[in-house]
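There are two complexes below, and they share chain A, which is joined by chain B in the first and by chain C in the second.
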Partner chain A sequence: MYHAIKKKDLQALLDILNQSHQCVGPLVSEQTLKYSSISKLSQLPLGYSDQQQPGEYRLNYNSQSSYYFSITTGAQGVKPWLFKPEQKLWSVNKQNGSIEFNEALSEQKPLAIVGLRACDLAALKLQDQHFLQQQYIDPYYAQHRENLFIVAVNCHRSVDTCFCASTGDGPEVKNAYDLLLTELEQDFVIQSGSEAGRNVLEILSSRIPLHIVTAEQEQEKQQGLDKASQQVRRIPDRPVAQLLSHRLNHQQWNRIAQRCLSCGNCTMVCPSCFCHKEYDEPALDLTGSTHIRQWDSCFTAEHSYIAGFHFRKETRQHYRQWLTHKFAFWHEQYGRSGCTGCGRCISWCPVGIDVTEELELLCQEPSCYVDG
Partner chain B sequence: MMDKPRIAVHKFASCDGCQLAFLNMGPELLELANHVEIVHFVEAGMVAPDAEVDIAFVEGSVSTEEDIERIHAIRKLSKQVITIGACAGSGGLQALRNLADGEQWLNELYPQPQYIQSLNNTHPVKDYIKVDFEVWGCPVSTQQIKQVVTSLLLGASPLQSKDKICLECKRQQRVCTLVTIPTTGTPKELENRQKACLGPITAAGCGALCPSVGRACYGCYGLADNAEPAALARRFEGLGLVSKAIAQKLLLFHSHEDALRRAAENMSETQEAFNGQ
Partner chain C sequence: MLMDKKLTNKKPLNPYLPAIATVLENRFETPDIFTLRLKFKDPQLAGQYHFEPGQFNMLYMPGVGEVPISIVSDPDDIHIIDHTIRAVGRVTRVLQQLKAGDEIGIRGPYGSSWPMAQIKQQDVLIITGGLGCAPVVSVINYIVKRRSDFGRLVIMQGVKHSNDLIWKDQYEQWDALDNTQVALAANQTTPAWNWSSGYVTDLFDEVCFNPINSIAMLCGPEIMMSATVRELLQRGLSEAQIWLTMERNMQCAIGHCGHCQHGSKFVCKDGPVFNYPVVKDWFFREGF
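Entry: the complex of A and B
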């Protein structure tokens, strides 16, 4: 069942969420989009939209626009809120000749996040697969995930780096949401996708008028989604996973290595990348230490250092590892590709390496490439 | 109880900034003093350059004949030698003179050059003696010093991560200065489009200090592991920087690093950049 609400009435939803949750949303900060605490509608980036190109990100402002959600993505979506860039895992203290380990998990207010897109939510499902696997539940991820309340937003536009339509993950949000908003010129269409979402919608209906969606509104919603589906980039319509795993010595890997900085930015902004490392921080009084988990990347030297040996020394190998894991070996691991088409790795690559273009070159028909 | 490990802090050609990382600990320095005996640290008032120690921290590059003798003596007196900072690690700013004719500079800069007793080239400590551990930075941070000292006191190897600044920057959700094009702000901010940031080739450890205030990293923490300076130099050309400016950026702090030199030498006009022609 869909309803429509006036744009100003979104404030009522923010009020409800803020009562019980730490509520975060997409705000403009330092020339880009960042998810930060939000309580007022006026904090949302009314009139702002993003323009993204390989290695380029900029925000534009239009004072005539009535849209709050025209910025598609910033460098991060939901990932840093669940899989934290730095997470204290435990601490250990020396006491009277014995050592004592202490859990670092502490009671936290549940999180509500407003503004996530279809690509973000598809990636969230991939992270769930990784961090909530059978008996191997990651308690630090699970803590925020279990009570996470998601207000998703359908995209009404795409930027040049988007390719979710070709991965099948967008632009329409299909699952993993509690509430889903579609922004129209004058209104929001709002729908629930879970028990928790229905409950919030019911509370909302007692505070503001919920209108039945008209045929015109339904049409406008569809037009927005159709417009967002018009994307200039796509992943090749070929068996990418099989082709990549048979082309580990393709010349194109060397050409990529000419440009790739091995800086790891693509993995940091990728909403599905989950690699991390752990280290200890000893206390100065030498009575204990804290064990910390930190985002890592397959592009670091340390990441490929095992038993006194760097088994991936060259940039060519680092990039190949990332791309083949994401697009080939992820299938064996999790039953699908690890890419949801958000395009962040293209925009935030300092040298503008375009993953769709590289896949195209790597997966061309055999007659066009030289293996060796 | 075992005797407390003995520590010395030595200074060579440098600005003293890295030694401040010890003094800036404040009250924590007193806590540290419960676990170590600081026997030589001129800036803090202890003078015993010839004492045997467990750990010698060395700041600065080797720049004179006397420095050469002194660094060998320190090696003999110390169980472990740890360099702190860019100067000790790779020669630092003053190693820029290695790219030029030191003799000529001496004659041009000093009215009576015969009183200056410096080597034509200045060198990192590792060019003369075995170094057990290097702490990078310009200057190094108190956090790094604490990490190294506490690890050694606990009998563990100190962490040696030379990941790129980019990882540190992204973990803090900082805005990439190399990618983001400002569209609002003062005319000066708008004029600054994408910045030539050295973060993608520079070792982490500073907490992405410069990018976190919207400035480009200028590479003071030294070259990261598996860095690609030549590829970054090509990107800077795309930003409109001329070869000379790129070479100067790459070589400012760590001109002694082979990989940086090779990348800079591949840019044309590099020689002019350093000979001021």
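Entry: the complex of A and C
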């Protein structure tokens, strides 16, 4: 049994969450969507929607619209809040020949994220697997992740670059949330998916009216999801992982390399990419140094550098590393593909390389595949 | 939603944070190769530390950076950890300047090790190229110390120039041991060189071992290891009898930073020591 709340009553949810959490939501910033601190409903981009094409991202505004969550995705999902683009790891102090390390971990106010999409929620699970569920636990990721409260949102529309339906990750949010919203013309359908979510819903019910969802509302919810499922892009319905790992010499890699700028945008916007580098920032008076990690990309030459040699120097090798990692090797590493169909790498590619199209060409039969 | 509860209650050790090691000695082997002898500053950590031959540590030079370095001392020598390092760049050149009493950061041990427990009574071929191959020195010492546990020990090493060979006396001492053979090759030689000339793969006609009861351990440039694998397969070893150690850029050593990926493997945690069949799909393939 779900409940419905009036749109304006979402403010009560923000109030409750802000009491105990740092609450972030999808706000318009720098002409895209960015998860930023939110306390007022009026900060949400009412009436805005996005339009995405290969190499293109645009926001449109419709003053007649009653929708707060019509922008599907922005350049980043929740990743920058957990796996930070730049993270201080520890510092070292030098004193009379002795050194001392101090870890840069401090108590954090728990984070609540409002408006997370199915594709990004699936990517969050991929990052959890990588940073928390292997041999070593990343305490920097964990400190933000541990008490994360997730208010997910079902998509009621999709854009041309979305292909979550074919990866099986969306557009419907199925699990891993605390609360789930579905936006209707007049209301939000709200449902809980965890103990913490039920508790918040309980508090919410003491402040605002929760209505039992009607058959019409249920139908409207389903119509929105159906509409969002109509997607123009998809990943090939073939054993992509096996095909790719046997087609490392496919001519298509060369053709992609003629267009690809090796800028690494695709890896920077991808919600599952985890690569980072570490470096030192010595104090000016040389009494110590801060050790920092920063997002990195397999499209840089330094990514594969070892003394005097780069394993991947050419654009063809960079793109092949990215694509084979995401769609082939990820299966062996984490039991599924590393792509959740968010489409960001398509929209934010300056030359509009479309990963679904390239996969199609690389995996199609018969192939011009030559093994070396 | 809360992440898996089992992770939340205990405060895990921070795997990114180095411990402090004190330099006991910095021995110069050649103008650019040196051996650092280290000890954990915290006696409790020293007592807990245990490694297997083939594993490595991350050494951190304050203010400069962190680098992966193999451990060359014997696993039973608790309280000291030796690293033989070639000064090639930013971090290693500064490590070279260290003196007894200096303190640096250390994390480890990391990665896989040579399959010492599975190869009892087999012939062991240790085939290396390049300058003094640190990751196998600990294996040689390990076998020499436990000689009766293993069959024949064959040590083959190739260097570019005969002057590049470090630990010359050491090789001669090993050669004199029972049931042990050393074969060395240099591409360019001086008249004083009394070993062979050519590549390490040219040494196979000089050494004897039983191919069906042998294990080969390879270390060196990938082009050399690749040629050696071909030679070993021709001489009757199966792929599964071949082990090798790899190097890739490593930022974290704990499977997080992604830099060391080689196909589906993370060299820092699935390697650096691999059984050949595990990596053969990408081994020595351009771009991997």
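For the reader, a short list of remarks on this structure follows.
FYI, the second predicted complex is superposed on the first by the 363 of 372 C-alpha atoms of A that agree within 3 Å, B and C clash if a C-alpha of one lies under 4 Å from a C-alpha of the other, contacts with A are read in each partner's own complex, and residues count from 1 in each chain.
Definition applied: a residue touches a chain if its C-beta (ideal position, glycine included) is under 8 Å from a C-beta of that chain, and two chains touch if they have at least 3 such contacts.
Keep in mind it's a predicted model, so treat the numbers as computed, not measured.
Comparing chain C and chain B on the residues of chain A they touch gives the larger count to C. With both structures placed on the common chain, the touch criterion links A:P80 to chain B but leaves chain C unconnected.
Of the two partner chains, chain C is the only one touched by A:C298; chain B is not. Looking at the shared chain after the overlay, A:A196 reaches chain C, while chain B stays out of its contact range. By the document's definition of touching, neither partner reaches A:D15: not chain B, not chain C.
Of the two partner chains placed by the overlay, neither chain B nor chain C lies in contact with A:E357. With both structures placed on the common chain, the touch criterion links A:P282 to chain B and to chain C. Of the two partner chains placed by superposition, only chain C is touched by A:R145; chain B is not. In the superposed model, A:E218 makes contact with neither chain B nor chain C. Put simply, chain A uses residues 279-280, 282, 286, 289, 296, 302, 314 to touch chain B in one complex and chain C in the other. Of all residues in chain C, only 1-4, 7-8, 12, 14-20, 60, 62-66, 88-89, 101-105, 247-249, 251-252, 254-259, 261, 263-264, 266, 269, 281, 285-288 touch chain A in the complex they form. Taken together, the chain B residues at the contact with chain A in this complex read 28, 31-32, 34-35, 146-147, 150-151, 153-154, 156, 159, 161-164, 166-167, 170-176, 178-185, 194, 197, 199-201, 214, 225-228, 231-232, 234-235.
Only residues 29-32, 34, 55-61, 75-76, 80, 85-86, 258-265, 268-269, 279-286, 289, 294-297, 299-302, 313-315, 318, 347-351 of chain A touch chain B when the two sit together in their complex. The touching residues of chain A, when paired with chain C in their complex, are 89-90, 92, 94, 97-101, 103, 105, 128, 130-140, 142, 145-150, 176-178, 193-194, 196-197, 245, 248, 274-280, 282, 286, 288-289, 291, 293, 296, 298, 302-308, 311-312, 314, 316-317, 320-321, 324-325, 328-329, 331-333.
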